[in-house]
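Some structures are shown below for you to check.
The following pair of complexes shares a single chain, chain A, combined with chain B in the former and chain C in the latter.
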Partner chain A sequence: MEKANFKLPAYLLIIMNALGFLLLFMANDYRANVLYVGLGLLGLFILIYSILVICNMGDKFLVLIASMLMTLGVLMLCRLDIIMGARQIVWICIGGMVFFVTYCIYYNIRFWNRMWFLYAAGGIILFVLTLVLGKTVNGSRNWISFGPLSFQPSEIIKIFYIMFLACHYSGSWTKPFLRLSPTLMTGAVTYVYILFLVLQRDWGTILVVFLIFIFMIYVYEEQKWFLFANIASAAVVAAFGYLFLYHIQVRVGVWLDPWADVSNKGYQIAQSLFAIAAGGYFGRGLGNGAPDYIPEVHTDFIFSAICEEMGVFGGAAVIILFFLLAYRCFKITLNTKNLYNKAVGLGITLMFALQTFIIIGGVTKFIPLTGITLPFVSYGGTSVVVSFASLGIMQAISALEARKGGTERDENE
Partner chain B sequence: MKTNRRIIRVLIVVSALFLALLSYLLYFNMFEAERVSTNPYNRRQWDDERYVTRGTIYDADGLVLAETVENESGGVMRKYPQGRIYSHVIGYCSQVYGKSLLEREYDSELLGKGDLDLFQGDKKKGFDLNLTIANSLQKYAYEQMRGKRGALVAMNPQTGKILAMISLPDFDPNAATLEKSWGDIVENENSPLIARAVQGLYPPGSTYKIVTAAAAYENGLAGTKFNDEGKFTVGDLTVENYNGKKYGEISIEKAFAVSSNQVFCSVGFELGSEIIKEISERFWIGKSIEFDLQTAASRIEYKKMSDSDSALVAIGQGQLLTTPMEMAVICSAIANGGEIIRPYLVDSITKNETVVKSSKEKVLGRAISEECAEYVKERMIETVNEGTGTKARISGVTVAGKTGTAENENEKDHAWFVGFAPAETPEIAVAVILENDGRSGGDSAAPIARNVMSRYLSSVK
Partner chain C sequence: MSAYSLVSSFLSYVFTTIIYLFIFSVIALIYMDIKRANRGEKTGYDFDELDTAEMLEDEPVEDEPETPKEKKHKPSAILRTVKSREAKECGMKAAYRIGEKGAIIGRGKDCDISIKDMYLSVEHFQIWHEDGLWYIGDMGSKNGTFLNEVRLKKVKTLYDGDEISFGGLQVIFEEEA
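For the complex of A and B:
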C-alpha cells in the first residue's frame, strides 16, 4: 500500500491561506474582518481535516485539494464582497457537515445498488417541482425557493442520476421494467432528464449529464451499437437545436464572434475575455483589477476574476488543482473492487472533470458558454453543499476499499 | 480487468481536455490578449486614466499637438490645439469610441506603463511623445491639399523621418466634436476615418514605372530603342498612351520622361511576371511597412500572374495596389541609393524632458544597387526637366520626380506625383495622390509636391 506524505500539502494549504488573506487584508485598507474570515476558513479546514485523519476516513488528498480550491474561491469572493465571502464560509461550514453525514450514510448502507427506481423517480419529482415552483434566474428556470432559502435542484439531480446509472452498469439491476431492458431504461431516463433540462434551458447541466452518460456507456456497454446510436442521436438533436432553437443559435453565434454584438449578446463573454486579457501571466494583483465589470462574476465567471487578479498562472493553478482532484478520484475508482462503488466513483469523477471543463472552457471562449458553476470555487449554497456531498461519497468509497484491502496491512503494522 | 482498462482510456481523454484548456489559456494570453484588451468596449482602458495624466504629444519644435486637460467638472479631456491637421497622424482618444492611430499604438507609453518612479505625488504623468513632423510644414502641406481628397507623405529619404503626412477628408478629433458628429463621420461615403496615407490602397499608375525602369536596367534594357505607335496590344489586352499620343522611335529613357505606356507595357511583358513580381517584392510590395502606425500591405493581387498581367503591373495598373506611404518609401529608395528605409514618426519618448527612448534609423533592406538607383534618378530628373513633370521644377534646385495618372473603374483618374529634391543630396521625398481628381498627375499633383519640397528646403536653409 502507498504511504504518501500528506503533511506537506497540508502545510502548503495553511501558507496559502495565511498569505492570501494577509494580502487581501493589506489591499482592503487593513480592515480586520478580512482576517476573521480567513481565520474562520482556516479553522474550518483544520477541523475537517483533523477529523478525517483521526478517524482514518480513507483518502487524505481529496479534501486537501478541495480546500485549496475553496481557499482561492473565498479569497476572490471576499475581494469582490466581504459579505459574500463570509456567507460562503457559512455554506462551507454546512457543506462540511453534509460531507461527514454523506460519508457516514454511504459508508454504512450496503443496498444502494438496489434502489434504481427511487433515484430515477426522485430525479423526476425534483424536475416536476422545479417546473411548478421554479423561478427564472439568468434565463434558466432552475431554482426553487422556500422563503429566503433557494436552491438548484439540478445540482442534486446529477447525483441521483449517477447513482441510477451505477445500478445498471454495476450489473445489480438486470430485470426488465415494463418490458424495457435496463439498457433501454437508462437511455429512456436519460432522455427524459434532458427533456426536462431543455424546458429549464439549463444547457450546461445537459452537457454534463449527457457526457457522463456517453462515457459510462463507453466503459460498461458491451454492445457498441448503443454507444454509436446515442452519439448519432445527440448529433441529430444538436443540429436540430441549432437550426430551430434561438437560444442555441445565439450561444454558438456569440462563441464564434463575440465582437459582432459586444454591447448586448456578446457582453458577458467579452467582459470575461477583457478580464483574462488584463491579467497577463501574473495578474494585476489581488484588489488591483476590475473583475466587478463581469456580470455573474461570483458564480459562473469566477474563473475570469481569478485570471485577472492572479494571472494566467493563477488560472492554470486552478485547472491543475481540478486535474489533480479528477486524477485522485480516478485512482480511487480504479482501485475499487466493489462494482457499484466503482460505477458511482466514475460518475462523480466525470461530473467534477466535465463540469470544470465546460465552465472554464466557456468563460475563456474555448467552447460555447453554458452557465454552470465551478465546483468548490463558485459562490452558492447548492453548489458548495452538493460538491461536498459528492466528495463525501468519493471519500466513503475510498474508505470502504481501504478498510477491506487494508485489514492485512493493519495487522502487519 | 476490462473495465479498468477502459476507465484508464477515459482518464486519458479527461487529461487531454485539461491539457487543451491549459494550452488554450496560454495561447490566448500570448496571441490574442493584446488585441482583446485594446477593444474600445473594454472599460479597463479608462481605469488607468483616473490615476495617470496622459502624456503630451509635441511636434519637432516642441509645439503641443495633443494634451490632456482638466475640464470644469474635474474630469479629464484630450485636447488637440491644431484641430484637424493631425487627425490622421495622432488620431483620437474618446471615452466613447476608443482610440486610434498614435493614441492607440502608443497608449501604454502615453500612460507611462513601465515607469518605475514611485515618488511623484498623487497623480502620475505618462510619457510624452516628440514627433518628427514640424508643424510649420505639416500646416503648409495641409493648406496645399485643402479641399482635395487624397494623401500626402513627405519624408527624409536618408533617415526615414516623416516630415508631413496628410490624409483627406479628415475630421475634428477633439472628443466633444467627435462624439457629436460620429454618426455623420461613420456614414460619410468618403470615409473620413480612413488614414489614407497608410491605409489607402490605390493603383499607383505611371509612378510605378520607377520600379519597372529599375527592372529594365537590371536586365540590360538600358538604351534600348522602341517603336511607339501609341498602343500596346497582346491577346485581348490593349493599353493606350495617355491622351493617345504616338512617339515613334523612342529610347526607353525618353519613354520614361514622357511616360509612354506602350513602351513600359512592352518592357513588363518582355521581362515577364516572375521578374516584375520579384523586383516588386524587393521594393516591399506584399509586406506591410514597419511603421509607428499600422500600414496596409501594398500588394499584387493575382492568384497566378501571367506575362500580360505583368505588362499592366509595369505601368502601375491591373491588380497592383499601393499605399501613398509605400510610394514615398520607393521614391526614397531611389533617392538614397537603393535602400528601403523604415519611416518613423515618433522621434523620442521623454519624461520631464529627459529622453526615455529615442528612435533610431533603420534600413529594412536593399531594393536595388546604387548604380541602378542612379540610373532611375537620372530618368526622374529628366522627367521634371523636360518630361511630364515640369510643373514640379524649383528654380535653383534639381528635382527628380515621376507623374502618374491612374485609371480606375467607373470613376475619374487618380492624380499621382512622387519626387525628391535636391536630386544631388536628397533631403525630402514626397508622394502625393489626389483621388478621382480627373486631371493628370503632372498638372494637379506635381505643383503641390513642388510647393511642399520648396517650402521645406527654404526653411532648412
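For the complex of A and C:
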C-alpha cells in the first residue's frame, strides 16, 4: 500500500498563501504590512495543523479543508479592502483559540446530554437580549454591540439549538416537561425560536434552523405524522409569509425575474450574475475584476466575487471543498457510537451544508436569496468564531471516537 | 497597473491549479482512509480482543489444553484460513480449532471465533457436531455464508475439504480424525 502523504496538502496551502499575499503585496504598493499579515495567517494555519497532528486530535482533514476555504476568503477580502482582510485575520486568530478551547471543553465534559433546559433557555435569553439591545443592520435587527465589539447572537443560538435537539434525539431526555412530551417540546421551542427570528427579520437563519429541525426529524423521528405536520405547517407559514410580508414578496419576485426592476430591487442579484459571468473559466485574476459593484460583496456575495476573480473553476472548487467538509463530518458522525455526539455531529454537518447551499444557491439565483454567511469564507467575526467553535466540537467528537478504542493505528506520521 | 494585471491573470491559472491539486490530494488521503476502514482496520475496533477465540498461531496444530488426553476420539475440526489480503488485514490466524461443542463465527466479541471484518454480521454462522457429522448453518447474516460457492439457505453437512466463504473471507474445513 502506498504511503499517505499528509504533508502535500499542507505544502499546497502554503504555496497558495505565499503567492496570494505576494500578489496583494504588489497591489498595495509594496507595503510590507501586507506580507506580515500573510505570514501571520500562514503561521496560524501551520500552528493549528501541527498541534492537531502532533497531539493526535482526531480527524486531520477538517482543519485542512477549512484552512483552504479561509485562505480563499481572506485573499478575496484583502483584495476588496485590505483593512477588512486584516480584521478578518484577527478574527481567525481568535477563532483558532476558540477552536482549541471548544475542543478541550467538549472533549472533557461528559454530561452535555443532560442540559437541554440550559440550551433552550440560553437561546431564548440571547433572543430577548437581541430584541432589547439589538441594532438594526440591513433591515435585520440581529446585532448586539458592546462598545466597539458587536456580534450576531443568532449564530451562537444555532449551536445551542443543535445541542438542544441532540438532547432529545439521542434519547437522553425522555421525561415530559409541563406535561409536554419531549417531541412536542422540541417542536414548541423550535417555533418559539422561529417567532423570535421573525421579529428580528433574520430570514436566512430561520431557513437554517427550520431545515435542521426537519432533517433531524426525518433522521430520528419514528412517528411520521410529526414530520408531515411540520412540513405542512412550514408550507402554511411560508404561504402566509409570501402573501402578507412585503419583504418576502420582493425576494421571491427578484428570484423569478431580476430584470423587472434591475436598477433597484434586482440590482444586487443582477450584479452578482454579471460578476459570475465576467469571470469565465479561470477568472480575471485577483484584483482585475470589479466585484465592488455588488452590494454586500464581503459577506453574502463573496462567492460571486470569488467566481469573478478566480473563475468558475475557483467557485466550483469552493463548492467541492464544502462537499469534502460535509463528507468528513458525515463520516465522523456515522463512526461515532455515542448517541449524543452522533446527534450533535449530524446537526453541525447539516448547519455547514445548509448554510452553504442556501447562500451559494441564493447568489447564483438557484433559490430565492436570503442573507446568510458562507462559513469560513465570508467576512464576519461571529460567523468565523462560531464556525471554528462548531469545527472544534466536530474535532472533539472524532477524537473521542478515535481514542476510546485505544488503538489509534496511524502509521502515517 | 498593467504589469500587475498580467501577473494577476497569469496567477489565476496557477491558483486554480493549486486549489485543484489540493482538493485532489485531500481526496487521495480520504480514499486511502476509506480503503483502510473497509478492511476492518478502523480505529474504532478493538484488536486486542481477538485472542479470546480458540485459535492457533501456526501449523502444526496443537492439542487444546482443555481436552483430556484419555478421551482419544473427541471430534474436532480445523478451519484453515485461505491466505488473502483481506484475511491478513482483519488479523485472522492461520487456523482455528473447533471443539466438540461447535463454534459461532462472527464479528461480535462473544463469538467463539471473533473476526473483526466490516462485512461480517455480529453472529454470522455456526458449525456444530452431531452423531459423527459436522453441520453448518447461517445465523441470519446480512451478507450470507457460502459453502463451496453456494449460498447457505438451510443447514448443510460439512465434509473434509469444504470451502466456506463469508464477507470476502475464505476458510477450508478440515476434519480431524
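One rule holds in what follows: the second predicted complex is superposed on the first by the 394 of 413 C-alpha atoms of A that agree within 3 Å, B and C clash if a C-alpha of one lies under 4 Å from a C-alpha of the other, contacts with A are read in each partner's own complex, and residues count from 1 in each chain.
Operating definition for what follows: a contact is a pair of C-beta atoms (placed from the backbone, for glycine too) under 8 Å apart; a residue touches a chain by one contact, two chains touch by 3 or more.
What you are looking at is a predicted structure, and each value in this text was computed from that prediction instead of being measured.
Engineer: Let me test your reading of the model: by the given contact rule, A:I51 touches which partner, first (chain B), second (chain C), both or neither?
Structural biologist: Neither partner.
Engineer: Of the partners chain B and chain C, which touch A:G283 in the superposed model: first, second, both, neither?
Structural biologist: In the superposition, A:G283 contacts chain C only.
Engineer: For A:A121 in the superposed arrangement: first (chain B), second (chain C), both or neither?
Structural biologist: Touch partners of A:A121: none, neither chain B nor chain C.
Engineer: Name the contact category of A:I156: first (chain B only), second (chain C only), both, or neither.
Structural biologist: In the superposed model, A:I156 contacts neither chain B nor chain C.
Engineer: In the overlaid three-chain picture, which partner chain does A:Y293 touch, first (chain B) or second (chain C), both, or neither?
Structural biologist: The first partner, chain B, only.
Engineer: Could you say whether A:Y327 touches chain B, chain C, both of them, or neither, answering first, second, both or neither?
Structural biologist: both
Engineer: Taking the superposition as given, does A:V250 touch the first partner, chain B, the second, chain C, both, or neither?
Structural biologist: Neither partner.
Engineer: Answer with first, second, both or neither: which of chain B and chain C does A:L13 touch in the superposed model?
Structural biologist: Second partner only, chain C.
Engineer: Identify the residues of chain A that lie in both the chain B contact region and the chain C contact region.
Structural biologist: 320, 327
Engineer: Which residues of chain B touch chain A in their complex?
Structural biologist: Per the touch definition, chain B meets chain A at residues 3-4, 6-11, 13-15, 17-18, 20-22, 24-26, 28-29, 32-34, 36-37, 39, 41-44, 47.
Engineer: Which stretch or stretches of chain C touch chain A in the complex?
Structural biologist: For this pair, the touching residues of chain C are 4-5, 7-16, 18-23, 25-30, 32-33, 35, 41-48.
Engineer: Help me check something: in the complex, which residues belonging to chain A touch chain C?
Structural biologist: Where chain A meets chain C, its residues are 1-2, 4-6, 8-9, 12-13, 15-16, 19-20, 23, 26-27, 61, 64-65, 68, 72, 282-288, 309-311, 313-314, 317, 320-321, 324, 327-328, 335, 337, 401-402, 404-410.
Engineer: So in the complex, which bits of chain A are touching chain B?
Structural biologist: 215, 218-220, 259, 262-263, 270, 273-274, 276-278, 280-281, 290, 293, 307, 312, 315-316, 319-320, 322-323, 326-327, 330, 333-334, 342, 346, 350, 353, 356-357, 360-361, 364-366
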